[in-house]
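Each chain gets a letter, A, B, C and D, in the order it is written, and its residues are counted from 1.
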Amino acid sequence: MNPTAILFISCPDQRGLVARIAQFVFENNGNIVHSDHHIDAELGLFLMRVEWELDGFRIPREEIARRFEPLAESLGMQWQIHFSDRRQRIAILVSQYSHCLYDLLLRNAGGELRGEVVLAISNHNDLGPVAERFGIPFHLFPIQPANKREQEEKELELLSSRQIDLVVLARYMQVLSAEFVARYPSRIINIHHSFLPAFAGARPYHQAYERGVKLIGATSHYVTEQLDDGPIIEQDVVRISHRDTVEDLIRKGRDLERVVLARAVRLHLEHRVLPYGKKTAVFD
Amino acid sequence: MNPTAILFISCPDQRGLVARIAQFVFENNGNIVHSDHHIDAELGLFLMRVEWELDGFRIPREEIARRFEPLAESLGMQWQIHFSDRRQRIAILVSQYSHCLYDLLLRNAGGELRGEVVLAISNHNDLGPVAERFGIPFHLFPIQPANKREQEEKELELLSSRQIDLVVLARYMQVLSAEFVARYPSRIINIHHSFLPAFAGARPYHQAYERGVKLIGATSHYVTEQLDDGPIIEQDVVRISHRDTVEDLIRKGRDLERVVLARAVRLHLEHRVLPYGKKTAVFD
Amino acid sequence: MNPTAILFISCPDQRGLVARIAQFVFENNGNIVHSDHHIDAELGLFLMRVEWELDGFRIPREEIARRFEPLAESLGMQWQIHFSDRRQRIAILVSQYSHCLYDLLLRNAGGELRGEVVLAISNHNDLGPVAERFGIPFHLFPIQPANKREQEEKELELLSSRQIDLVVLARYMQVLSAEFVARYPSRIINIHHSFLPAFAGARPYHQAYERGVKLIGATSHYVTEQLDDGPIIEQDVVRISHRDTVEDLIRKGRDLERVVLARAVRLHLEHRVLPYGKKTAVFD
Amino acid sequence: MNPTAILFISCPDQRGLVARIAQFVFENNGNIVHSDHHIDAELGLFLMRVEWELDGFRIPREEIARRFEPLAESLGMQWQIHFSDRRQRIAILVSQYSHCLYDLLLRNAGGELRGEVVLAISNHNDLGPVAERFGIPFHLFPIQPANKREQEEKELELLSSRQIDLVVLARYMQVLSAEFVARYPSRIINIHHSFLPAFAGARPYHQAYERGVKLIGATSHYVTEQLDDGPIIEQDVVRISHRDTVEDLIRKGRDLERVVLARAVRLHLEHRVLPYGKKTAVFD
């Protein structure tokens, strides 16, 4: 696959945005392979993802930002540029459930992710052997109420020193502090084991069982300061019946959680998710 | 199809329940065509549905209840008996949206329901022509805060005089009073246009749009005193994306609502739904 | 909603296509509201849909084609232009099953379709009352092996005289001749009651029952000379079990058929379906 | 969980079957925890699954068969009895794709299966390290046209010597001979990467891509002499679009295959699948 540049744009809607952006690419001899935009009429907001081949593009990649800046400024754009061949560095945070960790490590080993799992962090030592089985360094940071701030500081240092781009909470049972979240805006992905906003908070399968729902869900979202409230990337559901015990829900949910989380991680790594307000535009 | 008897049983779990009940049917020469039970281990509760052919059964149908009573009493059962050839009488309550009403009237006309739509009631006159197109009497009861109690009284009289068995709220935009609900316990089915318990209450599609969910749902449930909180019979979802406006959600939701409501009504009419606590066992 | 122009393009892939097309719109002061393209790398084929507001566009709509032609020619494009406010004229062909006909007539009456059902044609007279109930003229053309060619001729004359744009086979049980099909290329939509290519041909629900599948499907596709083999627009499935009889499959299938057909018709009417080879690109 | 006995019965339909079987259990003080039956009206066939707790049952488990035999004979039953605490011994046959193997080994390690993976067999050595990572013996039997019969003989000896109950083809790319299949009737489960009967045979994802379907599927079935034609246990589908390349289908399919295979294996291990003719009854 040829390397590509991916440009994410968000700005006030106005005439000519698609043409101007496509023109910028074309006049520099870029070949657009994907282009998609969304207009949120209510907010008057224009969101765009455009991807073109770097091969033959006349502007060297390290100068694209500088050359795009004048156009961006004149149109009031917020924007980011990404390159498909820059492998993002991923940290996985886990507690004691192994299924999402295993799933991501298998996809990582199978070359399915456009990124690289660099390390795993946990507040328990149970899953150390899993990470090590795949040659992934495992870091233990036991967290107590008293030492949470301090441990988070150490985690952030580690993430920073290993140049982590994306933090994946693969059933991590600790709530991250607002300070931690602020360090990785739209770069922390969580999997919550319910169809949010139903059953936010603790023990969603137990809540679902109590309520007698006929489907259970899983939700992958960016983490924000407020628990289980960040922009949703992906959701799915599976059918259950009165016959299913809480244990059955947990078992069926595992298969759902890992697929939903993997899809969200994949979409993020391919730069297909543009968060805006409390939502995401997913350009797939 | 041969007429059948359907027995619903709920009682404390104990040894021998299936055998005793099957024995009761067999020793009277009944042929069981469907038999299913569920044990809620947490509550220690045994729930059963058993259906047998009346043809050849030695007890005349009008005496079955009396003959079953001693066994039922000895085992502490709550039970009901139904007959498949007794067509239930259905009243549909609507406001201004026609899609669920049309859907039920078409199924009714096509002979798909094990029951008969007898009348329609509305607090608006918009849908009168729809009902009349299918030859179904339409009754208008405009409801204002001041006359609600009085109008409900009249509705109840009408339902009673027409011997209604099942009340279907097919997008009926009034909250029924506790007194109304108490008259038809587990015999009022509502369709709510969200995946409950998410987005209970007013304008669920607007709520879903605001929250940025990736699936929308519909829920059919028995009506209880508490709004949108009754035992769930059926739920389903459909995928949406950031491209969908509130109007798109409403449109996609319509197709979902009518199917989910129709499935719930069908299950109820075939005596496949046994509510217990806040849940239902669906013996399909 | 402001009226829009929708341009469908297919041509050999080459650099600069998106930019040139966007530029054509922009330099004439058009505001692009939707733009999507697909590159079939195997075929070296570029497919695009671009939609812009006519309001403020400097070229009058009747001249757009002439003004676009030079660019199109220079790039070897096949293309079509459509206008969102031109309501397409629809003919529905049916035999004896009413569910798809009802469904489309209800959507038509509810203003859900970007088009207008102009007439219904059938080889049986059963569904005349349904069409008439909605004020749609119903034309009977009984077909026997001996008179098929002649009857088709008359049907084609009728379609032509009523300026029909789209023919919908809503469970029409006759195979159209190659001549008929050739008159409406990519403008005849069929619903087949299976998950094609499984169970093509007659009695797919019976075939599905015999085979013991665990899901049944429905497929909506453009009609080509070869039976059940045209480009697929939309498919969906529903779960079944060993408990379901053929009659249950037929009943469950009905709900599926009407939704799948309605989705395909909607996508076509909004000019979102671009057939190429044996496939379709669906720009939704 | 208390150990249970599970009885599978198939016989000509007749009056009193449920009662007599329930009676057999009850008069020996068994507590039925699950009981389900199906009548195939077309074949006049009665199929039943009944499960009861061994705890308190008056007949020792090794005598149940002998004691049930007279009743079974008098009613013309074919039957089998299983015990939930007898862990079935599983052999996994694989070629070069690891995803289904990994999936089963993870479920095995996590205690999710009512059975035990005893060994893996392959015609390639690629996946040896995967099996060994989980401590599962890996046996290589390279197969050429010339040595196929001989290698299969050796495989059968191995399976026999290790007392294998269930053979799982987890993307095994060799066709088993009729002789092999005959040795494990209804005890070899395959995963085929299409929605059978569509795209049987080789390269189903390529076939699906060529045909332009909008959903792809996976099918798990018992292996019979005829390729991809055995009784289906479980199927599911996932949505695709024109944007998906063959490689995307393969990737999306992987997630589907492993879940569909795992569900089928689980259902089989819990003795919930009763094959009859070309179909299965799944008592879940």
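In the analysis below, contacts are C-beta pairs under 8 Å (C-beta built on N, C-alpha and C of every residue); 3 or more make two chains touch, one makes a residue touch a chain.
Given the structure is predicted, the values throughout are model-derived calculations rather than measurements.
Using mean Cα coordinates as chain centres, the one most removed from chain B is A. Comparing chain pairs A-C and A-D by the number of C-beta pairs in contact, the larger count belongs to A-C. Taking each chain's centre as the average of its CA atoms, chain C and chain D sit 41 Å apart. The geometric centre of chain A is 37 Å away from that of chain D, both derived from CA atoms. Within chain A, contacts with two or more other chains are made by residues 243. Contacts from chain A toward chain D in the complex involve residues 98-99, 102, 106, 110, 112, 133, 243, 251, 255, 259, 262, 284.
Residues 38, 41, 195-199, 210-215, 217, 231-237, 241-243, 245, 277-282 of chain A are the ones touching chain B in the complex. Listed in rising order, the residues of chain D touching chain B in the complex are 15-20, 22-23, 25-27, 29-33, 35-37, 39, 56, 239.
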